[in-house]
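Chain lettering (A, B, C and D) follows the sequence in which the chains are written, and residue indices restart at 1 in each chain.
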Amino acid sequence: MAHSDRITIDRITRSFASQTMMQTLGARLAGVSPGEVRIEAPILPGLRQQQGFGHAGLTFSLGDSAAGYAALSLMPPDRDVLTAEIKINLLAPAVGDLLMATGRVIKPGRRLMVVSAEVHAQQGDTLTLIAILQGTMVPVAARA
Amino acid sequence: MAHSDRITIDRITRSFASQTMMQTLGARLAGVSPGEVRIEAPILPGLRQQQGFGHAGLTFSLGDSAAGYAALSLMPPDRDVLTAEIKINLLAPAVGDLLMATGRVIKPGRRLMVVSAEVHAQQGDTLTLIAILQGTMVPVAARA
Amino acid sequence: MAHSDRITIDRITRSFASQTMMQTLGARLAGVSPGEVRIEAPILPGLRQQQGFGHAGLTFSLGDSAAGYAALSLMPPDRDVLTAEIKINLLAPAVGDLLMATGRVIKPGRRLMVVSAEVHAQQGDTLTLIAILQGTMVPVAARA
Amino acid sequence: MAHSDRITIDRITRSFASQTMMQTLGARLAGVSPGEVRIEAPILPGLRQQQGFGHAGLTFSLGDSAAGYAALSLMPPDRDVLTAEIKINLLAPAVGDLLMATGRVIKPGRRLMVVSAEVHAQQGDTLTLIAILQGTMVPVAARA
């Protein structure tokens, strides 16, 4: 592993750990490479909608965060990113043992990073694509 | 209050109470009228992003739910709604004492309900518009 | 009318006239005020989809341009704007004598302008809301 | 080629030919397979924005149509499709000899088809991704 990759992974791991939302969702950072980040989470009992499926807000949070960290993985150390906008299409109910969100950078840029994410639900051996997201991250100055 | 309005409010109150996500977010149903629903929530310590602001997933969850319940407020009792797709533009950081999401039906329909939502942050006497959402809800059969 | 308003109107009129697409669509600038712009166009025979309605691309083009010029109406003279992203929900077929797109700035900003637009179809005395748009414009340096 | 594929191609070719917008854009159907359709068009002089690039409405029209025909390619003969909503992120200016839009079905469905599209600009030997779209098509009864 290149030294710079290790720095990026450390940095994203630290940022992820500082997002209390990720802890509330039971989420963990499952993969980091330049321009692509994977986040996994179970569907906790406290994160359901009225029919007992995972709430759209859970699926969104995982997809948005995976996309945001994918963008951060390509940024210099003095920059952070914020979501400017993102759209989610929900394809299937969030049911299963685990949700897996994969975020990717489609177009890096100094002012705007265009990103996408896919969220799959794993139930036993079956993977189902449950959501796709497309959005824009904005680089901002990192807080000291 | 008309009898049918009371039934609608009861029904949305019951559905809201069954969304464990709303409890995890500390959210409460703050207003229901035909085609418009308001949800309020504090920014709990466990729902922050890396800079200490409310997570985009919190703002999204409130806006999406307000929009969904606005759609449900116009549906007959044997129908429920699911989010097909929704887009959020984040305008300002989620900071303050309270977040207030107002969902509205823009175009009702038997097959698709087009909805929007605004999310404001209240800090003392100041209200700041922090997000706007635009999306589509799909009527489905209600579960017994 | 304030001197600065006159300059803004002149500038938007010039920019609009330089968009050959607006001529192809038969569109005209129907109203300019700070943060709000209106564009009107007939549904020309050459701009239809397979069922004879106005093409989604026509409705989009009018809404996107109205939103973009609303953003430009708040920019200093050395800045132009480009669409970064925009989403359209189509509510009803584009039929009628005239399409009227009204763009508005929801949140101005130095780096990003969040905008929305509504498109109505006029048929005789009836106005029908046929589309809503929500998007982001990016200020860029104006060309000499 | 299977008989059913030939019927699909014929049907999409006929529908495409009936969209006068496609003729105005100088667009041609460049590829049809089940769930994927490609449309190509030059950047005609009458389809420019104020800086001389192709108008966002041109890029949108090609991407939206490619996505719509991708959905239609999976529908039975008595069904047509309409765009319910679609979002475009514009990544680079529309400049070059040819625009190429590729639409794909991400999730087929009886009530909703979730689709995406990419638009590339070709200039000499260089292909540039200039836009991505994500949206929803709705099956409707075909007109006789």
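Quick note on the criterion: a residue touches a chain if its C-beta (ideal position, glycine included) is under 8 Å from a C-beta of that chain, and two chains touch if they have at least 3 such contacts.
Keep in mind that what you see is a predicted model, and the values were worked out from it rather than measured.
In summary, the chains found to touch both chain A and chain D are B, C. A comparison of the C-D and A-C interfaces places the larger number of contacting C-beta pairs at C-D. In whole angstrom, the spacing between the mean C-alpha positions of chain C and chain D is 22. The geometric centre of chain B is 29 Å away from that of chain C, both derived from CA atoms.
Chain C has its Cα centroid 34 Å from the Cα centroid of chain A. Each of the following residues of chain B touches two or more other chains: 84-85, 87, 89, 114, 136. Note for the complex: chain C touches chain B at residues 87, 89, 91-92, 106-107, 114, 116, 129, 132, 134-136. Contact residues on chain A toward chain C in their complex (touch as defined above): 84-85, 87, 111-112, 114, 136, 138.
In the complex of the two chains, the chain A residues touching chain B come out as 15-16, 18-21, 23-25, 45-51, 55-58, 60-61, 64-65, 80, 82-90, 143.
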